[in-house]
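One chain, chain A, links the two complexes that follow: it is found with chain B in the first and with chain C in the second.
And now, the complex of A and B:
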């Protein structure tokens, strides 16, 4: 019988002061999926983004369905230079939970599922990175050079299917 | 290597007499995040009920922002502020299809911090009828001092009891 699938912490980072980015490098290929949990804020309200394996080519796309307290809406972005992880406010009351499916497979493009919440939005999002490489590095930063604020936490977990 | 960590803290299955509330007390502060998985139904004499959640037995400072799809009324979003509890979703009531229980997963990051407490949950109520509900919810608890969470309580806003076999399971996740 296979052991139960579970969360195994790979690395965690808590910002003691604001920073332009957070990097998870040398991600082991020994898990089936990854989960990135961010409880963070940004210096100016805006998107937080992730770049995989230093690829800043226009190889990312994502589609979102969200509620803003008034209406339910969907939008879509193609040929982007980074993966969207959320549209965060300047407080620490934002969450982003991203599942990276089959991240170490070297035959398939990589898909993500993200749930992110702020005091203004609740969102479900699907993402695609058109690259067959295993994900070994994830760099998280704010759009337009906005900083990630002090107290932000980012934890990367591995989930093994067996 | 760090140890695998999605650790069962406590589980509560409602017995034959039903339960008016579910209370997780003395939650240890040794984890980083919490996950709660719920399968529930109440005795309310309608198709649905609303599941509520409070922290630390405190009844103020709650906000719930919802994105919902209801088969009978369509897709919508609203933002509920100044609440005395979180609305963590619709669950089956007594008039829903027999033996159906709604499912909810709740994620509470950094529950021991002194920051604002933000919470995410996903909720489904499927019962092979027109009374279907899908919910994506964002919650914020903004309470004086932003205390660490040491108690989580579930109830229904109608005051109806949870029926037998409703389950509430609390897990801890550690980042080291």
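And now, the complex of A and C:
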């Protein structure tokens, strides 16, 4: 069996000032999965979203299960124009980890698995991008045009299988 | 760029050391499908294992197919699990005892729309330890734009043996082409 180190940072972006979006472009296809780690905030509490390969069509959907310390529930969003990365407040400290499974294969739609946490919720989420293209670009932005706040950090990792 | 520690995997380990996340083996299913996937001769040199997969079964009439794990060829009733699942409208929990396999991921089935695959990430903790029963945890789901599930699962294999092989079998049918299973070791 092969045994090689394989959890590699591709790029990190930390915002020195608020910005409308963060872009990871020219993502190499040499990995098997991608992992995006976000420690971020948003100018008005709400979702942070991601668009793949500039596709703003309604080709995204996601299903979530979450608990608030009292009860657990689930919801779903279909035919969305972007992928949900989680719910963020106006201060730093909310985190999100998204796994882009088999992101570079060109035979299947793309499935994501996300864990995100706030001071009020812990959540697991599965997402679907109905496109068989390899993901080469990820643009991250706030819902409703809200800005990502200064100090927000986004790191993209690649995992390569043997 | 230098190789680094696994952020996700590091949640199960307290130490961040370079080169501590390694690819062990990968299986991608070909056009003929596969009734099961086997990782054998797993070295005992890691502390934890992680299996990352994206898969779809040929299970007839189904849009949701479980992935079952068996360790070291043990087909006895030595497995159990708990789960928390969300179906898009409500959350539910369930458990199973004295199972003949460990329930892990939830993939798609033959009635799912074309190109839709489910995904799972399974951590097998302290797999080489000869003094503990084995515990696994799973993050998994499939979204099918109007249906599907997201779930957490935990499981146990009641054996103190080091895990040296893992068989991954769909709950029905076979694994379809393009299903992919990757095994990693975490130091």
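Observations on the structure shown:
One rule holds in what follows: the second predicted complex is superposed on the first by the 160 of 162 C-alpha atoms of A that agree within 3 Å, B and C clash if a C-alpha of one lies under 4 Å from a C-alpha of the other, contacts with A are read in each partner's own complex, and residues count from 1 in each chain.
Rule of thumb we're sticking to: a contact is a pair of C-beta atoms (placed from the backbone, for glycine too) under 8 Å apart; a residue touches a chain by one contact, two chains touch by 3 or more.
Everything numeric in this text was worked out from a predicted model, so none of it was measured.
Judged by the touch definition given at the top, the superposed model places A:115 against both chain B and chain C. Contacts of A:95 after superposition on the shared chain: chain B is touched, whereas chain C is not. When the shared chain is aligned, chain B and chain C each come close enough to touch A:37. One of chain B and chain C touches more residues of chain A, and that partner is C. Contact with both chain B and chain C is seen for A:65 once the two complexes are overlaid on the shared chain.
Once the two complexes are overlaid on the shared chain, A:9 sits against chain B and chain C alike.
Chain A residues 6-10, 37, 65-67, 72, 97, 115, 124, 155, 157, 160 lie at the interface with chain B in one structure and with chain C in the other.
On the chain A side of its complex with chain B, the touching residues are 6-10, 12, 37, 39, 65-72, 91-95, 97, 115, 117-124, 151, 153, 155, 157, 160.
In the complex of the two chains, the chain B residues touching chain A come out as 1-6, 32-33, 63, 65-69, 75-79, 107, 109-110, 115-120, 122, 136-140, 142, 173-176. Residues 1-10, 32-33, 35, 37, 61-67, 72-76, 78-79, 97, 99, 101-102, 105, 107-109, 111-113, 115, 124-128, 130, 132, 155, 157, 159-162 of chain A are the ones that touch chain C when the two sit in their complex.
Residues 1-9, 18-26, 41-43, 52-54, 56, 84-91, 93, 115-121, 139-146, 148-152, 177-178, 180, 182, 184-185 of chain C touch chain A in their complex.
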